[in-house]
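Okay, so here's the structure we're looking at.
The chains carry the letters A, B, C and D, assigned in the order they are written, with residues numbered from 1 in each.
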Amino acid sequence: MQHDRLQGSFSPDPEERNHQEEACAKNMAPSGEKKGILERLDAGEVVVGDGGFVFALEKRGYVKAGPWTPEASVEYPEAVRQLHREFLRAGSNVMQTFTFYASDDKLENRGNTQRFTGQQINEAACDLAREVANEGDALVAGGVSQTPSYLSCKSEEDVKAIFKKQIDVFVKKNVDFLIAEYFEHVEEAEWAVQVLKSTGKPVAASLCMGPEGDLNGVSPGECAVRLVKAGAQIVGINCHFDPETCVKTVKLMKEGVEKAGLKAHYMSQPLAFHTPDCNRQGFIDLPEFPFALEPRILTRWEMQKYAREAYEAGIRFIGGCCGFEPYHIRAVAEELGPERGFLPAGSEKHGEWGSALAFHTKPWVRARARRDYWETLKPASGRPFCPSMSKPSAWGITKGHADLVQHKEATSKEELKALFDKATGKP
Amino acid sequence: MQHDRLQGSFSPDPEERNHQEEACAKNMAPSGEKKGILERLDAGEVVVGDGGFVFALEKRGYVKAGPWTPEASVEYPEAVRQLHREFLRAGSNVMQTFTFYASDDKLENRGNTQRFTGQQINEAACDLAREVANEGDALVAGGVSQTPSYLSCKSEEDVKAIFKKQIDVFVKKNVDFLIAEYFEHVEEAEWAVQVLKSTGKPVAASLCMGPEGDLNGVSPGECAVRLVKAGAQIVGINCHFDPETCVKTVKLMKEGVEKAGLKAHYMSQPLAFHTPDCNRQGFIDLPEFPFALEPRILTRWEMQKYAREAYEAGIRFIGGCCGFEPYHIRAVAEELGPERGFLPAGSEKHGEWGSALAFHTKPWVRARARRDYWETLKPASGRPFCPSMSKPSAWGITKGHADLVQHKEATSKEELKALFDKATGKP
Amino acid sequence: MQHDRLQGSFSPDPEERNHQEEACAKNMAPSGEKKGILERLDAGEVVVGDGGFVFALEKRGYVKAGPWTPEASVEYPEAVRQLHREFLRAGSNVMQTFTFYASDDKLENRGNTQRFTGQQINEAACDLAREVANEGDALVAGGVSQTPSYLSCKSEEDVKAIFKKQIDVFVKKNVDFLIAEYFEHVEEAEWAVQVLKSTGKPVAASLCMGPEGDLNGVSPGECAVRLVKAGAQIVGINCHFDPETCVKTVKLMKEGVEKAGLKAHYMSQPLAFHTPDCNRQGFIDLPEFPFALEPRILTRWEMQKYAREAYEAGIRFIGGCCGFEPYHIRAVAEELGPERGFLPAGSEKHGEWGSALAFHTKPWVRARARRDYWETLKPASGRPFCPSMSKPSAWGITKGHADLVQHKEATSKEELKALFDKATGKP
Amino acid sequence: MQHDRLQGSFSPDPEERNHQEEACAKNMAPSGEKKGILERLDAGEVVVGDGGFVFALEKRGYVKAGPWTPEASVEYPEAVRQLHREFLRAGSNVMQTFTFYASDDKLENRGNTQRFTGQQINEAACDLAREVANEGDALVAGGVSQTPSYLSCKSEEDVKAIFKKQIDVFVKKNVDFLIAEYFEHVEEAEWAVQVLKSTGKPVAASLCMGPEGDLNGVSPGECAVRLVKAGAQIVGINCHFDPETCVKTVKLMKEGVEKAGLKAHYMSQPLAFHTPDCNRQGFIDLPEFPFALEPRILTRWEMQKYAREAYEAGIRFIGGCCGFEPYHIRAVAEELGPERGFLPAGSEKHGEWGSALAFHTKPWVRARARRDYWETLKPASGRPFCPSMSKPSAWGITKGHADLVQHKEATSKEELKALFDKATGKP
């Protein structure tokens, strides 16, 4: 699978593009021959994940920020399918079912009336992921995430029942492996892993926490140990923090696992937003969340830096979460091209390190067709009236607090007014 | 076509969502009944344009930055169709054919070998635009843009022949109107308008310049007068500068037209990037172009501000160019909802002014469900090691300079090295 | 007066320091032999001005921001004398009498009760300036500035009478030349020049305006012509804007004078604050004025850049205004050392371009002992929560507006409350 | 000593200024009656320190950055005296002798040939401090600081002999107490405290470290315990970090002392520069050190915040170090006016919280005459091309490394070139 474009120097030669297309064609292996997730990781291969669907589809017009629920799998399958395809083309080996927050307790939360059941949404999502996975060398991963039931202090039994309903669909649809992701409390993640483990399929588990640990202050090392003991073969971090912070946190997890004499594979699926100013709750507490995060979006070059750092930290399942667009995943795949032995199909439309700028009309833009230019550039914001960091606005509350308890009714105008007044410091 | 959500206050009521869907359904009028572009503008209606395809599809993996050519219309029609659909859903009334740089002289420029002819690409693009336009209340606009032939000092006759080849396809495919856009020299734009005008279809013309005028220093007012005299019914600005600068420049064009006792309609299709630090050549000269512009991306709220300012300046054809994603166009359509009398279909998945955050789990995020929060927020970049403005790197050359002359051969390694040395100040 | 340290390369040789001290000693010529201001400028010599006293002495505890009056000349002569000495040592050829706002109408304005008459203050200021000027090669310049009387629409006769009272002291104390500075309206500056001119002494006149012209919109070119015609031999700009803007404005003045076929010398005494975000009224309208301007203070290297640009623009009287500390003036004198033929006495304690860092304990700081390091450094603010530019808060009023009319009574609490409410947008 | 201006609301009443002058007069108690440093602290009084002399006098032209040695005490006594007076007037209760780096081993270091002995400098400094201390309610503190001998691994005996030479002068001149300050290694500070303690005078000791501890990684808590055990009655932090970091570090020291069952008083004398981006070695490693720190200078309002935070942390000896100008100390004294019972003499020329802006000519500046305006302002840098944070350039070496060893010879050109190449990454 060696490929001569991997040497990195630029060549606009059409012959070479044909080579590349062949190489990409190899990437499109039929589903039957595919190696499983653990086979790949055990063999030391890099597994490239995909990007987050809720943010990408929100910008395309198919997900509503606030509830963030994935009914688009039923309503607008062509939009979901297209996004899967773009990530596959960008180099992803994993098609995560678009089932984030697709548990019935979440679908009904806070007045978010649904015309589709959780089962309908989960099934449609599995079918779309499988359809596209079959077009290339990707596996289907069924995903569950944290539940309003847990935040509302429901029992272990109740919370596990919620997960069980989604898992039943994943088993029926025969996904390749399972991911428990976006957990703020390691306890809930353990419960999820236990349910997922009961299927016999490989299980990955990732928390949305930083180096300070989960919302109860359990350290990354201890969280990782608990997840491995609960049955996860792959552990790591997703969402809530930028790549740098996530890699740092996975390192702490790895240290914990190794110190405990255990074994695991590691994954990271961070935000595509810079969050140096976050506190423990991550980007949700930043004043810009979720509608003014644009200035924080990582460039493709910053993403290549992430891929390299994750690889060097021993992480082999390397993907993304909110903010990742297909070109961000392509950047991961290009950075790790030498390790993987091939470039993704989407590189057909991308000169590595900007080399295709050699085609540009203006000579000073052609002069940017080189790696050191992009690696050292400090991109300006074009926003001189804005600061470069924000103070997070956390209210210091977590699981069990009255303001966090789930209810089916929409937030009333009176409740909203009380929140606005609290936020603006009115008595 | 009045719609009760237009009052702006938030209501998560499901009844209302049904209303909205009906309203959107009205928007989906069959093609036969559609009013033409001039009918709409003469009636004072707002026409919402679409966003730029090359940047959006580059991020999705279907366009190569550098040549920026649109062969994806033939290669990956589903990707182009999906983007059209997202803009339609976001409220666009215009489906521009994805034919930017689809002239044969450009397709062959600088070693960019093509497997498709200009004719193939232009035809496929027309078909895709028409297919999606038929799904809603949108018109198809065939577009031409500046040519390497002009920059290489080819004759008026030669340049016009280039335009003619694209126009022939547009006429055959019976597009609804024509746009000559992205011209840096008013002279070339006049030639294009003259060719377009010969079809008998309505003609729009937009330059990519700022208040200082075109690359020869012809003022915006004079440019506008010349375009109107050449036959354009709609004149304005697209690309190269941020919304604020574009609106300012269109105002100067309008003043020029009115002072000359002429009449015209006005359009603006700016970048979705902040460019306070640009010089005459616009964002191409910024060091961040084209791969590190992320921190400059406008938020949806900044886009609503643009839509309002454009409307107040008397502009009625309001769209976008590079950097615009579907949610940016939706922001334009939401801001002008009261003037248009309806919200776009995509608002089904968007609480105006963040109102759907009332569904969020965290109470301090629910407190952001209000207009004044988002209108006054100064978004941080999360990049404390980066500046907020850059020095543009223009080399002060234009049409006719040896470095700008078109050639079919790819830029050689020697030529590139010379450019790198020039850029880094080596002797 | 050639000096071998002027070659610029660093030498920590003690022999050389003795040389330097001798060179500096030459600088300390007895008063009787001194060349006048016009002799120097006519001979093409660089005249280094001093820095602003009100800001420097405010930080030292001897001037009150708000009234900004100079009674310290009487109250704390040792503090005023010390600042004169520091500027002399830094290379200044001009000791401006500390008589800014020392007109009786200003001293009594808005409840600012005084224990000293204008005459007492002006006399003390002249004596201090002369005492220190006699210690080196500096001239004494008596200064007048804009008056509350003019803003309150008093007659030409009344305003000129105000100037006359100060001038009488300057004549009695036999200052070397006169400066009319800090005028926002060219008309008032003309009146001042006419009064100053009547003494027979050389007259310099500088306005506090930017490229847009004075507060009535009179262009810099026309302002300069009017001042020259009124009798000023030296014209230019002081205060209100940063060095870059001031040099740009003096260039416009020079163009105007030359176009009119007149002759003049040129001066610039800008702020030591960066003000890229100012409007016509300058730094007073910036929200940071006057107590939060710290992040805008120029470094010594930025000051050397200013000195070079001013020199290249043909300006030969080069000094500073608010924000200038002695080391800023020394930077001007060091930059223009080659042109002047000597370094200032204060350079005894300064390695040019940081060369004395070669003595530093830490090797990585010793590595900063070189010109290119400091010339290219982009200094960080250490303030990630602050923006890099501000919106000025001008209320768009000028001479004659009720809010600007002088009165002896202090602003009452009711008046202040009304201003606070206006400023915070309360009805 | 109660003073009616302490109520904080503004009054421009001249009667009141007379009151204030009387109050200040009380402050000017004759030396004989003064309470000692420990009496004051034991009584719970606030002791206001002074600011750093080397940076302030460098800007005035009397200290050379690089060697940073204090020979100005002999050469330019009027300049040193004037700075003492300004700090006294600003509210300082401590006149530190200007003897920083006045040990013979430092005076001779790296080619820095001196015409004065350490003894001459130390004596002159004591006389100046005593002269000004006698003008008000201030004590004289003799100071020693870290030595090149320690960095060069000289023996405890040798290092102590260095301190002993300075102490002998302080005893002869009968200073009121002693300060060992600016130590990067607690071990050397202990040695200094032991020597100082032998005099029988009260001893204060402050390290220049942050929360990570000294350069050997000894924690702040342990450092404090060791200093107290060595005999220091007052312990704390000076220099190297901004006020926020210093207060945080002193808190850790206090916790350590209390946990060890010991007792001490606490002091903080931080930088007047924002340093959020420092690593363990503090501001020296910032690229801006020492000649481009201007954008980091604290405003007076930020200094008031510091004074309040230090007070609330239990610190009672509150002063400053490099970057502090007299107005910064005045801000400390004004903030703690209610606790001290009086305002400093310098407040005669300062309206608290900008109240004297009520005298300003422009109404929108008069509207800034209020506390909430200045407390909430986020000052812009006026530097859109600069970042807000820097990467420190530490080379990770400390005591004992060859590059740090003292030598009498100046750094040679060859050595400098090697350093430049190392700094710019050349091979």
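Note that a residue touches a chain if its C-beta (ideal position, glycine included) is under 8 Å from a C-beta of that chain, and two chains touch if they have at least 3 such contacts.
The UniProt protein names, listed by chain, are A, B, C, D = Betaine-homocysteine methyltransferase.
Keep in mind it's a predicted model, so treat the numbers as computed, not measured.
When each chain is reduced to the average of its Cα atoms, C sits farthest from subunit A.
Separating the centre of subunit A from that of subunit D, both taken as means of CA atoms, is a distance of 49 Å.
Distance between subunit A and subunit B, defined via averaged C-alpha coordinates, is recorded as 31 Å.
If you average the CA atoms of subunit B and of subunit D, the two centres end up 58 Å from each other.
For subunit B, the set of residues touching two or more other chains reads 277, 378, 380, 384-390. The touch graph of these protein chains is complete, with an edge between every pair of chains.
Partner subunit D is touched in their complex by these residues of subunit C: 12, 14, 58-67, 78-79, 82, 85-86, 89-90, 109-113, 148, 151, 242, 273-277, 281, 284-301, 325-327, 330, 345-346, 348-351, 354, 356-370, 373-374, 377-390, 393-395, 397, 403-404, 410-411, 416, 419-420, 422-423. On the subunit A side of its complex with subunit D, the touching residues are 378, 384, 387-389. Residues 277, 384-391 of subunit D touch subunit B in their complex.
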